[in-house]
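Please see the structure below; I have some questions.
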């Protein structure tokens, strides 16, 4: 993950991942809480998206998950800040995993919708941010969750979000 | 953007970007339609997020923008499909740029919220997808837009979305 | 539905409805398109909410329904315009009925979420408004739809919305 | 608000309201917290929508407002439950008023969007429900809030919601 700058001012980043189906297959047969805990602990390989964005899991509890990420220049949009999709991705990760921790082994889920409310732009100087999500409703067919994206250092709020997930029994 | 596979089954990808502030500064002083057209034509450097995800712009008109992206293994989540944040990112890009094309030089915008509805999972075999967005309301303080993410080959719908953007006069 | 004004400047409105379970029971056993057509044609009693707000159905097609309503003083919020809940209610009605028209006899649905984007305030002088909705995705477990609320006279947009509905097979 | 049943099984309800502009005008010149407190205390006439749906305010604090409502047969949709627009209306009321309590005299707001997630149907036997909302972000141009709709007796969750409001300085 070095970021050398070439003569022409270009930067590069290299990331590495492994076959995502190994984790996906293992995850399917585990109680959700165990599955997310194993990913968090590095006992299962992280999914490629985590390598792509440099995301990690810092807390896992039943219905409550926290992800972390370091905003960087290579995430920028054309208007001079970190692209909103990065906040959406880490919030979606923590929301989905929060729901996942409530599911029994063999039960899957699929995100039905994600809504993100942006309240402050992220930049490469924002410092590490945490996406903390909690399940609000855990039903037979549907689960919902809410999350916050804030600065680890001082709690500054950058975005908040909610989701609805279909439970695939 | 080669993806060599190591002995241990690991894959790597390297991407390259340039200082995002060059484009951001140029964009600020242009009518929005001209700015997005220049990015689409490669006359302004693409923002880092476009390099990160391999996104390109395939159509630009006033209030109507299309982005393209090739779903890949390196975008996967822990449950065996392309992470929903990828669809959110390309939809947010096309929605925001559609709004941007309606703005005069010197007028900025900030996404206030993004909602994505997922109707079918993306995988590395989905083929190239297009995110097509159109402005619905263009007001003095707020603009809204709607978008669709579908397969280029056969029009299969994967997600749809809407946004609200604050206009920063 | 007279609106007499008393000495003290008070206004009153009286509305009438019949047992909603009669319609609900009939609706359950009909193909959705037939059910909504019968409600629109007055062959089934309108639901109480339609009497409460003076809503009627002006168009029914498979996946495409239009509701109408006359904004009035008795719908006002404390800040001098028609309450946003009125737009939400008529949009939710047309969105839900649009989904309903795609369902077979014996198949039900439940709205999972509703998002309304308000772009212009409604007042008692806005004139009759139409809420027109179309199904976007019709799946086995979930259906989505989008709608617009606009003035019947000149098409002025007041709000737009989208929904996701759980299909109860 | 009597609900006589006629020979033909028809029910009627009559409600009364006063000129909404009296309250709207008074509200405009007050600090938001004072304005909502005066409406809650009956020192300003309730807005018509409150009479239409039988809504009242049970708690007002800075950034925190609770509304109450009794679900009833006259709020029913055609599929046998209280129309989702009723939950949307009381949640929108509490969300908007929570934002309003944070505003200075002379500062207005307009709801930009409302999203409601329905997790359990309301019926005429649900008992009184409370819509409790809190401001999440209070900015110069935009404020956001989240709310819950739950049974007063046992806390059963029926819906939750979030909003974004434009601040009109």
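When the chains are written out, they are named A, B, C and D in that same order, and each has its own residue count from 1.
Methods note: a contact is a pair of C-beta atoms (placed from the backbone, for glycine too) under 8 Å apart; a residue touches a chain by one contact, two chains touch by 3 or more.
Model, not experiment: these values are computed from the prediction.
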item	value
Of A-B and B-C, whichever chain pair has more C-beta contact pairs	A-B
Centre-of-Cα separation between subunit C and subunit A, whole angstrom	37
Distance from the mean Cα position of subunit B to that of subunit A, given in whole angstrom	19
CA centroid of subunit B to CA centroid of subunit C, Å	34
Contacts with 2+ other chains: residues of subunit D	112-113, 115, 117, 142, 164
Category of the chain touch graph - line, ring, star, complete, other	complete
Subunit C partner contacts - residues on subunit A that touch it in the complex	112-113, 115, 141-142, 164, 166
Partner subunit B, residues of subunit A touching it in the complex	8-21, 23-25, 27-28, 35, 39, 44, 46-49, 51-52, 73-80, 83-86, 88-90, 92-93, 96, 100, 108-118, 121
List of subunit C residues in touch with subunit B within their complex	115, 117, 119, 136-137, 139, 142, 144, 146, 157, 160, 162, 164
